[in-house]
């Protein structure tokens, strides 16, 4: 079975982000999306730790240890960016000012529920970070993840089995196999990766799928 | 290229609907978005709810808007002041609804709207007639009252400098309600004394990041030569 | 009967403010207090409209129309001062960061209740401004006012008849006749103005008075 | 003359009591008040409640304080991260209480403490296990949960520049939790890279006005030559 690489997934997400949006990219795979937005298209990236207008990683020799993103990687500030403190940064998130947040996830349900912070009820000290704020606060929540777990279990599900991050928040999911919109009762397929068949997608998904007519 | 600057007042006011909740910045005569208020008068929206610290003075600006019968309700901390003649006439005639809110609660209710807080408990006004009918809860041994976020459909603010991303700075006490109102509305329109090139504002000193601002119109203050 | 002038009252209040306090002075008479704090004693004055470290009125020719206080008078900024927005300014007030607020009042009760914003229940559009925030928020609330109304009625009372600004907030009252501490059930006389007798004070007060032994 | 600068770490730490709630600024390694944490280790206060974004890494700083058995409880958003070995050991052994709070709720709870808000309703975490036992209320058609202000007895923060009035600025992403924690404690102690003469900080660009700061100690960051 063919499918999108991570870079292709990141490029696919980037394609859907129009100029002028304020966007927070979650730690991990979503961070790659920024590299696929052309410089000529002004998208303003936000990092929870108080950076609005975040730019790419610094060039060698230009690193500033005082400028990191939420994933603790060294970054830069674009011309026009600004620094704020944590409460103001989360006011942007929680007040509904971000046009988009892209998060990774363990599971997404057809209801839009998302689980991305704790892998089981027995994990007593999981790290939530800003995930719940982002999931509840952004105008749109997209999830970017592999379609299944490493051992092949579906991550698009009828009901999340892992502890929830937020209820009914996800609008769209980008996986290595497809782009899917959350319908509330399942997922509507927007696009299949090259070589991925309807049957393959159904086999890898534990939720209702609606295909374009 | 993102460019939030607009060329005309008509563009700045485009789409403001009848019945809107309009947040008006300024405190006293400092930081009042006079040109935008004149733009709103010209634009024609009516049945407005106005949130401002004062209820207008003389017969210009907000007072003029009220005199034209375009304001249904005003939410403010200090309605009756020297020269608030239009307010007094309309209010006495029963043609204007009034909600008086302590100044700090007014600011905090808009801060809550901007920050995604639905409601909050504050000790301010507990035991006074401004707390009548409000939920009371003791927290840490002190009675608090419940106040709700106050969202604007539109905020009209005055800034000192602005860039094309909508980043704003203010001048001295002109910051006042402007910075908090800018966060609390769906559509924030700023009049700015200076439009500066992107990158000219110090990222450590931007007061209102552009994420909170939708449109910027250049309006040097009257009589200003800088 | 002799008593303190307004300038003497302001000087008396100023005498009680130590260096380093953060102080908000209400509109009207309390504003005069700042002029009686010697420049060598650093007291940091706060104005609700976002000025911390407010200085005196500007000299002629030095006026800046962008720098006013809560009473809408032109002021200056001391070296070391800072500007903030309204929500941050009231966070200072409401968060208990001001060491002192001095307000004028219509009435103060021995319980510490204060009425200073509306003169009757029929005044349907009174202006509250920041009075309730200040009265509830400052670490200490002092009131500075004439001891009686113009027609001679007591303003220190058993129970406020005017609409309240705050309950049980006032710590100390400075009038033209005396300095008095709020006890919870009345007022303890700290100092009498020159020429004011115990009998005169009692006649002008409608609340329990405790005199020093 | 007001002078909040102190000459020694012992003076900076004076009076911190056993059982204190201590707010620790920083995010990742940026803006961490390392010298003050070492000062607190030296000072000896125990039975502490620590509020920080992370639960310490390696065996220095906060991790060292925990390893010494001086921390009873930690309130944070991201306890388990690369190198949080001391936390994991103590937590697994039942020697450390943990309260996990969403990062924005953590910041907002301290902002509430600093701003006199007793409690507030937020949609964040509704329907998750971090909302268990919390009051739920629907506001504007959306369920919110009630969160309480989080007050510190002490805040330890790292600033870039400070003056003798305690005005602070920060450096880039070093602002993070520092500015909000500075407002939320009874005793705020700042380590500053530079102590500058009063008046050198732009009044339009002070991030933490001195009203929120009690003590300042000069601590250039390690390896810094500026």
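We just call them A, B, C and D in the order they show up, numbering each chain from 1.
Definition applied: a residue touches a chain if its C-beta (ideal position, glycine included) is under 8 Å from a C-beta of that chain, and two chains touch if they have at least 3 such contacts.
What you are looking at is a predicted structure, and each value in this text was computed from that prediction instead of being measured.
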Chains contacting each of chain C and chain D, listed by label: B
For chain B paired with chain C, centre-to-centre distance based on mean C-alpha positions, whole Å: 29
Computed distance of Cα centres, chain C from chain A, in Å: 54
Centre-of-Cα separation between chain D and chain B, whole angstrom: 33
Multi-chain contact sites of chain C, meaning residues that touch two or more partners: 77, 83-84, 87, 90, 93-94, 137
Where chain D touches two or more other chains at once, by residue number: 108, 111, 115-117, 122-124, 170, 172, 203-204, 207
Touching pairs among all chains present in the structure: A-B, A-D, B-C, B-D, C-D
Touching residues (chain side chain B, partner chain A) in the complex: 1-2, 111, 113-117, 163-165, 167, 183, 198-199, 201, 203-204, 206, 209-212
Interface residues, chain C side, partner chain B - complex: 47-51, 64-70, 72, 77, 83-87, 89-90, 93-94, 118, 121, 124-133, 136-137, 163-167
Contacting residues of chain B [partner chain D, same complex]: 108, 112, 115-124, 137, 139-140, 142, 144, 148-149, 169-170, 172, 202-205, 207
Chain C - residues contacting chain D, complex: 19-20, 22, 42, 44, 46, 52-53, 77, 79-84, 87, 90-98, 137
Complex contact set, residues of chain D against chain A: 27-31, 77-81, 87-88, 91, 98, 100-105, 107-108, 110-111, 122-130, 170-180, 207
